[in-house]
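Chain IDs A, B, C and D follow the sequence of writing; residue 1 opens each chain.
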Amino acid sequence: MNPLNGYDIEDLSAGMTATFAKTITEADIVLFAGASGDNNAVHINQEFAATTPFKSRIAHGMLTASVISAAIANKLPGPGTIYLRQTLKAPVRAGDTVRANVTVRELLKEKKLVWLNTVCTVKDTIVITGEALVKVGSRAPK
Amino acid sequence: MNPLNGYDIEDLSAGMTATFAKTITEADIVLFAGASGDNNAVHINQEFAATTPFKSRIAHGMLTASVISAAIANKLPGPGTIYLRQTLKAPVRAGDTVRANVTVRELLKEKKLVWLNTVCTVKDTIVITGEALVKVGSRAPK
Amino acid sequence: MNPLNGYDIEDLSAGMTATFAKTITEADIVLFAGASGDNNAVHINQEFAATTPFKSRIAHGMLTASVISAAIANKLPGPGTIYLRQTLKAPVRAGDTVRANVTVRELLKEKKLVWLNTVCTVKDTIVITGEALVKVGSRAPK
Amino acid sequence: MNPLNGYDIEDLSAGMTATFAKTITEADIVLFAGASGDNNAVHINQEFAATTPFKSRIAHGMLTASVISAAIANKLPGPGTIYLRQTLKAPVRAGDTVRANVTVRELLKEKKLVWLNTVCTVKDTIVITGEALVKVGSRAPK
């Protein structure tokens, strides 16, 4: 394991798993709106959101998904996601704690690529499922 | 077209396209690190990043992808992405302006679903490609 | 007193005191997590925090202490803290208003240094105590 | 080691060390000014800062010190600092990468307290030195 950059391909095996959890705050929604430019009314306009089936403002799907990014980068296997496929299953509201779980599904050792299954839950509800492909380092001589 | 929530299914046809562009700033990277919890060295440690092939800090892939979220939510067809598949092609640095283009590929009228092709570019370089599935509203009587 | 930089050593005497107060918001905690890189679960994960003796997320100790920095820099005697010793006495939660009080204890006139006693309270509870050493300017000819 | 909260007292021994590094950005300085309320001219007014010996805006000392907070909370031994004594040695500017190193100096096993030596460097320059006292968990039966 390299000190800053997470696991090398030699450190990984199918079934390894890690979790990172974070409460989505109203501030996160504001900051994500600013950073992404996504100012949709369903995220930033409480009066409008109250008229939708959600009844209140919800987090941007990609904000919720970004907790996966933290699980990958901080925990397993490290930075460098190159592919993401995520299906949004349920809305997340400010105050919900999103728990992102990533599990190694397959290693492509020559290419130093790792397939991960990803799932985000809020309590017992699955809010996002998907997969990610991450390029990692190697200690093998080049 | 409804005033806040974007296009209804009746307003959409294959080939419609829209673009939203945003410069990714160093502040966006800091805020995204806070909102996502992803503090990987490649994003927040310039000295480490200088030792990588990128040569400098890069934006979180999901921050870059979030500009697609803005194109969808602000322009075409409106909020409510339920599926995202994105492949990261090239790194983005603070100061790069990401241009997200979304194009309607297919309408599933009964389900009020729209498939979009998505592509993000920085100048002439494609940095992300993918697709998104968005649920939209309808003016048809229920 | 210089216009931007606060009191000169000639303006200060033991016993002078000043207070600055600020409500710690959930947004401050999110931003501090981003700026510091400190994403500990006790600060960002409400479900985890609920299992601790604090019962809810608490502010980073150094965020609370930073209100002292504001009292010193904005009020008395001005910027330039070179020494800080702070003892955390009690947790601070989002919504708490931290009142930082600084009092001049001693002047080292030749070195243009000022010792301050510092205390932060939330209502009647002391949450931080400590001291700070600040270098100030002088109008004396060099 | 507990999954979210870092090392227990049983996991620690004198000499254990950890490092966390982060580039201080202009955005961090802005955000810290907002979160702390410390809007001193030396941090936020480039024209004033140019007239000081620093020649440009510098980071708040407590912002720089907060990288220690991240090293403690993310790496060793986990959250819960109750005492901080830090001496500012040199200014930090936007773009500088602060490397916070914490080393276990002494364990007070019955009280579950850990004394850490702390040092922050920018390249080879020491910018902060100090110590911290952290309360940790225990797996011993109560």
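Keep in mind that, in the parts below, a residue touches a chain if its C-beta (ideal position, glycine included) is under 8 Å from a C-beta of that chain, and two chains touch if they have at least 3 such contacts.
Everything numeric in this text was worked out from a predicted model, so none of it was measured.
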For copies subunit B and subunit D, work out whether under half or over half of the interface numbers are shared, and give different or same accordingly. different
Far-end chain from subunit C, centres as C-alpha averages: B
To bring the C-alpha trace of subunit A onto its twin subunit C, one rotates it, in degrees rounded to the nearest 5, by 120
Compute the distance, rounded to whole Å, between the mean C-alpha positions of subunit B and subunit D. 35
Measure off the straight-line distance from the CA centroid of subunit A to the CA centroid of subunit D, and report it in whole Å. 27
Would you kindly tell me how far, in whole Å, the mean C-alpha position of subunit D lies from that of subunit C? 15
Interface hub residues of subunit C, defined as touching at least two other chains: 27, 30-31, 34-35, 37, 39, 41, 44-45, 48
If we count contacts the way the header does, which residues on subunit C are in touch with subunit B in the complex? 30-31, 33-35, 37, 39, 44
How about subunit B: which of its residues touch subunit A in the complex? 4-6, 20, 22, 27-28, 31-32, 34-43, 45, 48, 60-63, 65-67, 69-70, 72-74, 78-88
Within their complex, subunit A touches subunit C through residues 21-23, 25-28, 30-31, 70, 74, 95, 97, 99
Can you list the residues on subunit B that touch subunit D in the complex? 25-27, 29-31, 39, 41, 44-48, 57
